[in-house]
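Presented below is the structure to which this report refers.
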């Protein structure tokens, strides 16, 4: 019983009830207003809610910028269905309450046709009730724990399964089969920890130790002690945020650099390899679908366009690239649908779209709304220079296995791996 | 807490339940120790209704500790307290007040942020029905000469008015026993005389028993029926003021040669 | 193995004890001496850390950079004391509310001015030979003990200390004894602020510096001050010892998170048992002796 | 030595002192008596500088000190013994005495050991916290502490308040001895008849914020004359 | 006493709500209040459902603010952890409602949530007040409780933190919380978007009147007396510890009610409701609005949150700076807050307007009371 069907959901008509809702009794009040606060323009509107300040400013700023870059590029080249896409893009300041307010405003007052919003899963969950209630088309681009199966939501970032599926087998192959997991103590971290176990099991390896670190913790003394006494072949790190990046400096100071680290979170998102002095990240391997250093022509051109547009920019993280290609994906869908009407656009997105992204060609999986990504393992050397192995395409297999098919059933669910895999 | 310590002295006037009808308050072997030091040492004390008793003694004699034991702010190490014949040892302060013991602090402690009428309402609503508030308030205001100040915030009253208000508040509780800690400290001679008169009246007309701690020996002389001298935590002398004043030992430990 | 385990536990205790002591002393000095609970304490620590890290980034040698942090925070405290805090003496709850306001403003201003990251400082001195861990943690512990000793000497032995304590107990009388009490308040607040700055400076290499940096110290500092009570040194030492032991023990057995939780629960229980803190309990005991004399 | 001319001061918005003129000569013991609430404490605080005056001048040793803060006046040689045996409760006896040294950094200060000569009980209790001592001992400490600075003028605010009668007698005796042996000028305010009559050589009567009378010799010794200003 | 509702229409009706413990005891005040409520009620009609959705959140905050004003302003208990009850009620509602999303189930969920926050407040209050914890230590302890909940709820992401069908959800929060509904079996109403706004407004007004009546009752006097001087009040035979416990518990219940309405509006609750910024907000509202004025705090909550909202829409980062500075300046310049200051002005103005500024009648003897 992993799917919880609810007899009552937000603003739905009461199934069991015979009485009408209070809302229905107030006939004069609808989505329109007496005083007409709504915006007069008819242009299609995109709401881009990305953090340019607060905890997630480091990643959010680049996400905002690549989104703007893509929209500007398309608007310049003839627009979306010949129309210029208007943008509503205030700064949510990494605050989930603000996200709720701004999303509400975007839906009601800006009449947004499409929404990009948020870095953390918590943000996504905070606004999902609103998204569901108003059936708002929503692109969530952060690499995340996976499992969201929702009719109007398109989680385009690589899932934990995709990221770890790239890096864990690589690490087992290179260094051995004893793994020590260090992860952030919240949803993403815990589910990622479960995935490490599942993938280790699939490859005959073993997790010998596991530790979940509170998000605001930045002292790793006891964790490093524990790792040293467990003597694993490698560490899997799913640490997130700036407080956690202190791990690498303390790793260096405690002489732990002889144990390599695999990660799904570091470098590609918060550019730890550039922010922290070498060699703290020596022998860190990240499973990524994109890093700015990717040496392909298509990517180099993209990076150049980006820094031309934003000359004070610092780094293009993985999510920023996801935002970028998702704008193009949206354009394709609008054109295929021939309208900005959201239900039609969603149907078009579910028709098996493909676009050329800086990371390479990607395909949107119609059933799961996820993307088949080009996953690579990025390695940092003692100078923090990055090298990549060969890309491999990894499908969003987990949701497929879980039976998520949004083309046939409009669910609003998030699946968990534990329901499918014993190890978790 | 009551104790079965065999060393507790029994006073003959006390019957099986510890009650003596003529005595509103009585203590038996009341003892309080702080970390091995004895502040109140086996005190047997009694007071009758309508009596005005002054408690004197050198600093550190245990006067305040004794008063705090009576109000319930401190729990005794040993001994019992009987009030109106009932053992009230161990009862919390507020329940003792409910039975008619009231206390006036050394520093005037009216509610400075509330008006005089609001101040009176707080004790009044404990004892009378709501429809009698106004009448009782007026009565008390008149008696304590505060009628004109009824709407004044208590913090703006003069020192003497605050003292009167406080005694008025204590009286609003219709107490049978009132404990006062240095009620005339810092008052002028004029105000002191006022208070002396009020206290006498309360004892004589209302039949309230009063225990007063006081250093001002002239004041004690004016008001007291009897005087108890405490020293080193136990009762050193007890008797009419003239006797006490003449006692050479009391002079030596407390009064000095002037008096 | 047991020996190594014990050594590791000892190291962990030293690390946590030093952290709590350094996080707390500044707050404790200001609370104990002046009766102000400074809810912006974390942000004073923040000032120390930012000053240190930016000085270091401008290639000032680390010890000097840290000194810059301490001095700047002290000066900052001084300014705040003159502008705002001095109006709040004797208004404990108001002082908490106001300093909370200051804390909100400082965090957000830091974010607006400096953005969300600050340059990092590597951990100096390398690693320990026997126990796994940086030498720097031992340095921190030594500094913590040194600070406690220094404060003891300052407040108990020097004329400044006696005057400061006298001023806090009875300002008017102290003034009539020739003490410039305004200056005493200022300097005590500055000392407290400087100590907060010291915590910020010392932990700048260890912890990631963000605008919320100070919040990471706040709970420990708070809890230790409340558990310790009004007496600055005794309270800080006893509370840090108690909380550090609980935290280190549980962390060793059940991980960082449970260590934190256990420490907070221990603190709540301690406050329940000793409503005025450990030193309140001592004072009660002393007072009751006094009363009975 | 001390000269107050037309001194006005208020507490909040309520005027308390309404033109006080007082003069004290070197070596004198002068009392100011009055009922409660007539402005005695306000007067002492104004002289010490703990309260701003609205009008009038305070001259001490020939200098106008009206606008100087208390700590500066203290260093000029005014010693102050606050009402209610106010010592620093959490400092030890010796630390309390050492506070007295603050007043006078120069060489002419009294070594605090000398105070022990006057009040031997303080030496016995030198390491005890002052707050744990009895009222009388605290009163002695407050006096001793002021003496350490070797003040030229000692201000006392109701030395008898809250102290048992026998100790009041001791204190009166000690103050006289200080005056004789050290030549310290003493100005005190009081409403206790015994203290006024036993200590003062000369006494002002204050009422409603102004000086209403000055008593010396026979009049000061007459119980009736003195009670007139203490009673109605 | 004649100060209490002597004149004007509906005097008898107003009587239980008036007295010297609250400001605004005149017909003009009640008229003003009625107009304000009418304006709030008209908001969705004027500005659409959007205003109802946004407004309902503000009104739920106002309830939270009022709970703090009640315990702090009237009984002197400064709780920095009022959000703990707010959040706990939200989570409790979510847990019950997700497991029993029927009319009956949701009604039970509503009651259960308020019961949980009430019991939680009672337990914490018992622990503190009967343990002798006072003043600043109460303040810090309540803050620590909120922060502990923040930390604890943040790590409940794992599957082991599932109660029936409800996942606590850790840092990501608990989503899928159903709407409010009241009824038994198949009879009842599910409260829709617009309904939710009016239910919240109704709850706010009803709570306001209820608390107002309470603070003017005998118990109210006991509260105020406890705030002014606890020891003294105990000496009048009041069990002040118990009074504080009751007040704190009622405060917890009101905060809990706010929490349920907040959570059902967003259909979501996450640990940030326990966070330090969230915890600061009620203190800001009560300090700025005036903690001794329930209505002042409500007004401050609505105004500050509205400004904060407008600033957020404009993308400005200065909201927190503004709120923090406001707090500092208000406490420094008018420590009592805005509403009491306004009240003073109004009284002064009235006295000026009144040609005979003779004090109102002293308390009359019983037989003289005519109205």
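Order as written gives the chain letters A, B, C, D and E; numbering starts at 1 within each chain.
What we mean here is this: a contact is a pair of C-beta atoms (placed from the backbone, for glycine too) under 8 Å apart; a residue touches a chain by one contact, two chains touch by 3 or more.
Just so we're clear, the structure is a prediction, and the values are computed from it rather than from any experiment.
Path length between chain C and chain D in the touching-chain graph (shortest route): 1. Chains making contact with chain A as well as with chain C: E.
Inter-chain contacts peak for the pair A-E. A straight line joining the Cα centres of chain B and chain D is 33 Å long.
In this assembly, the C-alpha centroid of chain A lies 75 Å from the C-alpha centroid of chain B.
Separating the centre of chain B from that of chain E, both taken as means of CA atoms, is a distance of 42 Å.
In chain E, the residues that touch at least two other chains are 151, 155, 317. Shared contact sites, meaning residues of chain C that touch two or more other chains, fall at 111-112, 215, 257, 260, 289, 293.
Shared contact sites, meaning residues of chain A that touch two or more other chains, fall at 53, 185, 212, 214. Against chain A, in their complex, chain E makes its touches with residues 44-54, 57, 98, 101-103, 106, 151, 154-155, 157-159, 165, 169-173, 175-179, 181, 183, 186-195, 198-199, 266-268, 270, 272, 309, 312-315, 317.
Residue ranges on chain E touching chain B, taken from their complex, read 1, 3, 20, 218, 221-222, 224-225, 228-229, 231-240, 359-360, 362-366, 369. Remark: chain A residues 53-55, 57-58, 185, 211-214, 216-219, 221-225, 228-229, 242-246, 249-250, 252-255, 275-277, 280 touch chain C in the complex. Here chain B touches chain D in the complex through residues 58-60, 158-160, 182, 185-191, 193, 215, 217, 251-259, going by the rule given at the top. Residues 45, 48-50, 69-71, 73-75, 78, 80, 82, 86, 88-91, 95-96, 98-104, 129, 131-132, 134, 145, 149 of chain D touch chain C in their complex.
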